[in-house]
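What follows is a set of structures for review.
Shared between the two complexes below is chain A, which pairs with chain B and chain C, respectively.
Let's look at the complex of A and B:
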């Protein structure tokens, strides 16, 4: 219970301070505040995918439904956070570089992540038999995850380097991460991660209860 | 029925030859892919004309056509089993790894045949520069291996689902994206006149991709295949 209070107070403080303190990056000005939110969203989207993959592997080994519920919950939240990350990133791109979408490596990776989540749920929707649904989506989650190293290491070197978009962000993190910016940023990252884990836990418990009570199956 | 104590290669080859024999009777998958490929190629060529097509655009178009062709026909290997009701018989006759390898080689043969038809027609329709044709063929071979490596297990997955056709493309595309990016970059460079050294990074990426996809598929296939 105490950690929920800390989470609430902490996140409220982060939100307030992200708007009160001087803008992190002078060139873009006020719009750069979005990076306090955009980066945690993107990080959680990837974390959720990794968790979905791990739970998928555990399901394939143990065939216990609770692992499938966990994988599905992680994927659902991952989809939500990917959408948030894409939208916030687009807004940031429009303000700093003039267009909503540029196919720069990070944008491309988040787009692929969105497609993977979409495909995962499309697959789940298309299989009627419960056990088959769990196995097939687990296999797909693991298989899709295997492409992630390529997205991280190969795509940045392949994408046509018309404008080095990310250098603006990287330069950002290097020289204008003054003490106050650093504190707010890392608190935002940590607190949003805790919030995600809490929502994940709740979603899993709801899923398990639903299965137990409504479907009257054992987990 | 293949002898269970026979080696993996002969079991896989049995699955492969069964598939080829069935395919040669009706040529359904082959025709589907061929028609899809030729039609999309014709539409592209007709609308864009011959002049002013940059190497990058040509490369992109070529691989889009190959992608469409793959989506049209590579799922047939498993869908045909489901529709003919022979899945159980196949499960009884061979272990998952042999089935996977047989189907993989079948898909590969199919795509290889299609490429052999589509590639010359592509070069004729678009009058693309042919200086480094061997290098282009190398990229093509690696690309076809990559396409089959990634899509064979996805085909197995969707054959058990209900909306098969559309789902195949939806599931395959995120996985194929990296491959297509590598292929378009490599082909564009070849059409512009690159040496083998110039596309070294892409070649490494392509080989790595195929290796990773086949390995992951080998490990995961039995979970898709078994009841």
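Let's look at the complex of A and C:
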């Protein structure tokens, strides 16, 4: 399929250019190359949590289990990409600030976000009845998403932080990157999104197949 | 700069591995969907 070729070649090109071009931020140095991977991971986590909320609302309205499968898949991928963003951020923190974890406002807020979505899966695991589990977790996912904009965009900017807040745009909403950095960064963002949508599609299809098999075994 | 090339190689290997895994999973899921 054509989009798979574009994804494969495009992301390979992003990887090559992210390492052979000059570091995006000369003050930070070589460690700033992580910017091409860390920000797309964080963006996908937010996108996935938003999708989990949308599919949860759709489940509550339709009571169709496919919507629950989609909400669960999106939340799982959101959690996975949050963990990846946390790990890549910790590596950057070690190089830039000398410690993997500093309880910086950004680190603390992502930690709370991980706990919130970790609790989503604890809730799912604690309820045995399928309808009840789907309804409870859908309501939880809607309320959990309310915290996402605060924990990702607001809280880290309320207190002094070591984390760079102007990697993409500054306070005047102007791009802080040069032209070549912008091309690599936005290509990375777009291709990471395509990869996420592919993984999301696969996890939903596997979930639907698994449910079908379980239903057939019950009959 | 040498470290950059090592990191570039490792990242490319990881990406090729992820892509091949996803592609084979896609094919397997398609097969299973046909059987269902």
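Descriptive notes on the structure:
Criterion: the second predicted complex is superposed on the first by the 188 of 219 C-alpha atoms of A that agree within 3 Å, B and C clash if a C-alpha of one lies under 4 Å from a C-alpha of the other, contacts with A are read in each partner's own complex, and residues count from 1 in each chain.
In this section, contacts are C-beta pairs under 8 Å (C-beta built on N, C-alpha and C of every residue); 3 or more make two chains touch, one makes a residue touch a chain.
Since this is a predicted model, take the numbers as computed values, not measurements.
In the superposed model, A:30 lies in contact with chain C only, and not with chain B.
Judged by the touch definition given at the top, the superposed model places A:197 against neither chain B nor chain C. In the superposition on chain A, the chain among chain B and chain C reaching more residues of chain A is B. Of the two partner chains, chain C is the only one touched by A:12; chain B is not. By the touch criterion defined above, A:140 lies against chain B but remains apart from chain C after alignment on the C-alpha atoms of chain A.
Contacts of A:183 after superposition: neither chain B nor chain C is touched. Note for the complex: chain B touches chain A at residues 153-154, 157-158, 160-163, 167, 170-171, 173-175, 177-178, 181-182, 185, 201-202, 205, 208-209, 212-213, 216-217, 220, 223-224. Residue ranges on chain C touching chain A, taken from their complex, read 3-5, 7-8, 11-12, 15-16, 18-19, 22-23, 25-26, 29, 32-33, 36. Taken in their complex, chain A has these residues touching chain B: 60, 112, 115-116, 118-119, 122-123, 126-128, 132, 135-136, 138-140, 142-144, 146-147, 150-151, 154-155, 157-159. Residues of chain A touching chain C in their complex: 4, 7-8, 11-12, 15-16, 19-20, 30, 33, 195, 198-199, 202, 205-206, 209, 212.
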